[in-house]
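The two complexes that follow have subunit A in common; it is paired with subunit B in the first and with subunit C in the second.
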Partner chain A sequence: MKYRTKLTLLCVSCLFVFIVSFFIGRYGIDFPTVLKILADRFVRLVTFGKLGLGQTWTAAQQSIVVNIRLPRIAASALVGAALATAGAAYQGMFRNPMVSPDILGASTGAGFGAALAILLGFSYSGITTMSFVFGMAAVLLAWLVSKSSRIQTTIAMVLAGVMVSSLFSAGTSFVKLVADTQSQLPAITYWLMGSLSSVKTADLHFALIPILIGLVPLFLLRWRINLLTVSEAEARSMGIETGRLRLLVIICATLMTSASVSISGMIGWVGLAIPHFCRLIFGQDYRRLIPCSALMGATFLMLVDNISRTITTAEIPLGILTAFIGAPVFLYLIITGGSARND
Partner chain B sequence: MGDYKKGIAEDLDALQAQIGIPCIFLEADLAHMSEAFRSLGTILADKEERAEELATLIDLTMILAEVNNQSIPEEQRLSVMFTSGSDGLGTNAKGSSQAQVIELVGARNAIEVEKVSSKGGGNIVSLEQVYNADPDVIIFSPGSIYSTVASDPAWKELRAIKEGRYYEIPGDPYNWMSNPPSLNMVLGIWWLGNLLYPQYYNYDMVSTAQSLYEGLWGYKLTTEQAQALLAGSK
Partner chain C sequence: MIEARNLCFSYGSGSVLSGISFSADSGSLIAVLGPNGVGKTTFFRCLLGFLKPSSGSVLINGKDVGQYSKKELAHEIAYIPQSYNPVFNHTVLDCVLMGLTASLSTFEQPGPEHEKKALQCLQMLGIEKLAHRGSMKISGGERQLMLIARALVQDAKVLIMDEPTSSLDYGNSFMVMKCISDLRDRGYTILFSSHNPDQGLRWADRVLALRDGRILADGPAEKSLSGNVLKELYGIDVSVNNVSTRDGQYTVCIPLGGKNAQDV
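Let's turn to the complex of A and B:
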C-alpha cells in the first residue's frame, strides 16, 4: 500500500471512530435522535446560529450529546493526539525507543501539582491550572539542570528528567500521606490513574491552546526532527546547529504533555506504544510519523475512552485500560522484533 | 472502631501480643454505634456517664429515623444522589457505609453500581449515568461544584437541578453525612430527614443543630454559625 492510501485510511478511521463515539454511552438515546442533534449543531455552526433544525428531542438529550459526550470525545482525541505526538518527538530527539512523554518529568510534575491542589482544597479549575503549571515547571527544572551540566546534552537531560521525576513523585507520595483519607486521598489516587469523566467544555478550551501551540510547530518542522535522530556530532558535521531545534521540540512536547495531563490525569502507554505502532506501518521518516502518530493516538484514545465510560456502571480509570491494552501490544512488538530501532 | 472486616480479631490479637496493650474492636456503623459507645464507657475509666449520654442521643436519633421511615408512604420516597469530591462525580452508592443515612431516613439511594466502594470518595460515575438514574434530590459535598451546577451546561438539565432540589451538605466539624462515617452521621440523620421530609421530621434545623452540637461535641453553636452551616440547605 502506498503512503497516501494508508494515510487516507487512517484519516477515515479516525473520523469514523469520532462519529460513532457519539452514539455510545450509558444513557440510551436512539440513533436518529443523536443524528438529528448533531445535524442541528452542525447547521447552527455553519450558519452562525441563524438556522437550526426544529427541536424534536428533549433538553436532557441535547445536553448529553452536546455538553457531555462532545467535550469528552473531543478531549480524548486531543489528549491521544498530543501524547502520541509528544512521545514520537521525544523518541526521535533522544534516539531512544523506550522514551515516553514523561521522560523530562512533565507528567509527574503535573501529577504533583494536581495532588497538591487537591490537598489544599482548590476548586476543580484550580486543580487543572496547578497541574499544568507544575508540569511545565518540572521540565523547566530538568532543562536548567541539564544546561548547567558538563555531560553530553541528551544524556544530561535524561538524567535530569529522571531526577526531577523522582523528586516530584516523592512529593506526590508525601501529599498522599498527609491527605485526608476519607475524601482527598481517593480523589488524588483516582486523578493519578487518569480519567476523562469530568471533562467539560471549559477544560477543552483550557487545553486546546497549549496543545495546538505544541502540535502545529512540530507538524511544520517534522522533517527537521529527522535531523535530531542522527548523533549530535554527525549533525554538526553537516553544518546543523541542533541546540535550538532541540529546545523547540522540548517546549512543544512539554506544552502538549502538561496540557493533556492537566485535564485527563496520568494516561500511560499512549505516548510510548502508538509511535512504535506507527513506525511499523509507516516507517521511520518523521515527515510521516508525526501526522500518523497524532491520528492514531486520537483514534486509540477515543476507542479506549468509549470502553471506559460504558463497560460498567462506575467508570474505569483510563490509565488502567491503556496499560491493559498497551502493554500486551508492546510485548508483542518486542517479541516479534518488529519494534524498529531508531539509530 | 469502624466497619467489621474479616480477620480483624486475629490482627488485633497479634497487635496486642506485640505491644502489650489490650486491643479491642468495636463495630461502629450506625446500627451498632450506641452499643459501641456503651462498651467504651465500661472499658474506659470515668467515662461511663459521658458514653451513656452519647449512646442515648444516638438511640434517640435512630428511633426518630425508624419511626419516620415506617410512616413515610412508598410513593413519597425520594431518590437521593450523594456525591463526593470537588467535581461531583464521586458517588457514595447504595450499600456503601458512607451512604447509610439516606436509607435510614426513609429515602432511596439513586445510584446503584456493580462494585460498591466504601472508601471515602465512593465510586466515580459518568454524568450520563446520573441522567439515567434521574435522582429526585442531589446532595453535594462542602467545597464542591455545588455553587456552579445551576449554570453548568452539563449539569443544569438534570431534573433535580432544574427543580432546585440540590443542596450542600454542612461540613463542620466534618461532613454531616459521613466522611468519616462516625458520630457526625447523627447530625446527618436530623439534617437530611428534615430536608427531605419536613412534614415527618418536623422541627427547626437551626435550633436542632445548636442542641446537637452541644450534646455531641459540647460546643455552643451561635444562631449565626448554625445559619451559616445550613446556608446550602435551601
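Let's turn to the complex of A and C:
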C-alpha cells in the first residue's frame, strides 16, 4: 500500500474514533444530536460566537457533549499524540529504540516537579514550569549516566532511566509525606493521578499551548531527526552540527511530556509502543514517523479511554490498559535487540 | 584538489602527525597504508576538518579547511565510515537522502527531484534495486556502496574512506574497490586507508605510507612499496613479486618468515 493511502486510512480512523467516542458513556445520545451539537460548537468557534445552529437539543445533552465528553476526548487525543511523538523523538535522538518518556524518567521527573511546586505554593504556570524543569533534569541525568557508563549505551540508558525514575518517585513520596494533608496532599494526589475523567476545558487550554510549542518544531524539523540516528562524525561530514538539533529535540519532547502529565497524570507505554507500531507500518523515515505517531497516538489513547470507561462499571485507570499493550512490545524489543522488523 | 602543508597534530603531549605534506589532484585514487595506531584516522580527521591541526594546514581548492562553513565543506569533501551500524532499519534510499543535508535549508525536506538524484547515485554504483530495502537487511558490501552513494549525493569531489573493505569478504572487497576505482575515472579524488598493501598495488594510483606520524613513502604503488618499505611499515619480511595473469601483469606481496620461524 502506498504511504498516502495508509496515511489517509489513519486520518479517517482517527476521525472515526473521535466521533464514535461521543456516544460512549452512561447517558445515551443519538447520532444526529451529537453531530448537531458539535457542528454548532464548530460554527461558533469559527465565527467567534456570532453564528450558531438553532438549538434542537436539551441543555443536559449540550452539557454532556460539550462540557464532559468533548474535553475528555480532546484531552486523550492530545495526550496520546504528545506522548507518542515525544517517544518517537526520544528514540531517534538517543539512537535507542527502547526509550520513551516514561522509561527515560521524564514523566516521573515532571510529576516530582509538579508535586514540589504545589508544596511550595506555586501558581498554575509555576507548577507547569517546575514540571518541565524536572522532566528535563530527569532526561539529562539519564543521558549523562548512560554516556559515561561502560555498559552498552542502549541498555545503560534504559537502566539509568529506571533508576532516575525511581529516584524521582521517591522524591514525590517524600513531598507527599511532608505536604499539608488538608490542602496540598489532595492537590498533589489529584495532579499525579490525573485521570482523564476529571479533565475540564480550562485544563485543556493550559496543556494545549506547551504541547503545540513542542510539536510544531518537531514536525517542521522531522526529516532532520533522521540525521541524529547516524554517528556524530557522519552527521558532521554531511554538514550539520547535531548538538543544537539534539538539544532542541530533547526540549520539545520533554515539554510535551510534562504538559501531558499535567492533564492526565503518568500514562506509561504509549510513547514506546506507538512509535514502534508506526515504524512497522510506515517505515523508519521521520518525515512519516512524526505525523503518523501523533495521529496513531491520538487514536490509540481515545480508543483505550473508551475501553477504560465502558469495560467495567468502575473506571479502569488508563495506565493498566496501556501496560497490557506496551509491556509486550518492550519484551519483544528486548528479544529482537530493539529492531522492529521491516524491509 | 586537496593539499596538506606540513600538517602536525598532537593529542596533549603525544604527537600523532608530524610534518605531513602532500597534495592530490582530481581523478586520483590514493591508498594510505600504515600499521595500526600510526595516525591514519587522525590524518583523515584533519583532512575532513573534524580536528584542527596543531600546526600546518589543509587546503581544499586553495582555501583552508577551517575557513569553510560546515555546509560549504560538505560540498567539497565527504566521509565514508568504516562501517555503518544502523540502529533503525531505514531504507537504503532514506539513508542516501541524508547526504543532501547540506543542500537543504533547515526546515526543507527532500522532494521527488532529490529522490531522483539519490536513485541516480545508486544506479551509478549498480545498486538501484536496493533502494527500498532496509539498510539492516543488505550485505556488508552493499551497505558500503550505500554509504558511497550517500557521499556522491552530497556532491563532494573529494571522498575520504576509512578502511572501506575492512569488514568485507574477498568478493565484496573486490566489488567495492572496483566501484571506487570507477569513481576515480569519473574525476573524484579518493583517499582510502587499508591494512592490505595488495589493495594499494592492485587499485591505487599512488600510495602514501605512514610510519611514526611521518610519510615514509609517497608515489606509485609499484615504486613505493619495496620490500624494505614494507619491512619498515609492518615489521615483517615481504617479497614483492610480479605475476602475469590473463588481465596482464600485477604486483603482489607475499609475507615471508613462516618457514624460518619453524626451523628456529
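Here is the rule we use: the second predicted complex is superposed on the first by the 246 of 343 C-alpha atoms of A that agree within 3 Å, B and C clash if a C-alpha of one lies under 4 Å from a C-alpha of the other, contacts with A are read in each partner's own complex, and residues count from 1 in each chain.
The definition used in the following text is that a contact is a pair of C-beta atoms (placed from the backbone, for glycine too) under 8 Å apart; a residue touches a chain by one contact, two chains touch by 3 or more.
All values reported here derive from a predicted model rather than from experimental measurement.
Asks: Taking the superposition as given, does A:L227 touch the first partner, subunit B, the second, subunit C, both, or neither?
Replies: So A:L227 only meets subunit C here.
Asks: Which partner chains sit in contact with A:G52 here, subunit B, subunit C, both or neither? Use first/second/both/neither.
Replies: A:G52 sits against neither subunit B nor subunit C.
Asks: Does the superposition put A:S198 against subunit B (first), subunit C (second), both, or neither?
Replies: first
Asks: Regarding the shared-chain residue A:A187, is it in contact with subunit B (first), subunit C (second), both, or neither?
Replies: In the superposed model, A:A187 contacts subunit B only, not subunit C.
Asks: Is A:S63 touching anything from subunit B or subunit C once the two structures are fitted on A? First, second, both or neither.
Replies: first
Asks: Could you tell me which stretches of subunit A are touched by subunit B in one complex and by subunit C in the other?
Replies: None.
Asks: Considering only the defined contacts, which subunit A positions touch subunit C in the complex?
Replies: These residues of subunit A touch subunit C: 91-92, 95-97, 154, 220-224, 226-227, 229-231, 233-241, 279, 283-285, 287, 338-343.
Asks: Taking the complex as given, what residues does subunit B use to touch subunit A?
Replies: 84-90, 93, 112-115, 117, 119-129, 131-132, 141, 143, 145, 152-154, 156-158, 175, 178-180
Asks: Inside the complex, what are the residues of subunit C that reach subunit A?
Replies: Per the stated touch rule, the residues are 45, 48, 50, 70-71, 73-75, 77-79, 81, 84, 86-91, 94, 98-99, 101-102, 104, 106-110, 133-134, 136-137, 150, 154.
Asks: State the interface residues of subunit A toward subunit B in the complex, per the touch definition above.
Replies: Interface residues on the subunit A side: 25-28, 59-60, 62-64, 66-69, 71, 118, 121-124, 127, 180-183, 185-187, 190, 195, 197-198, 200-201, 309, 312-315, 317.
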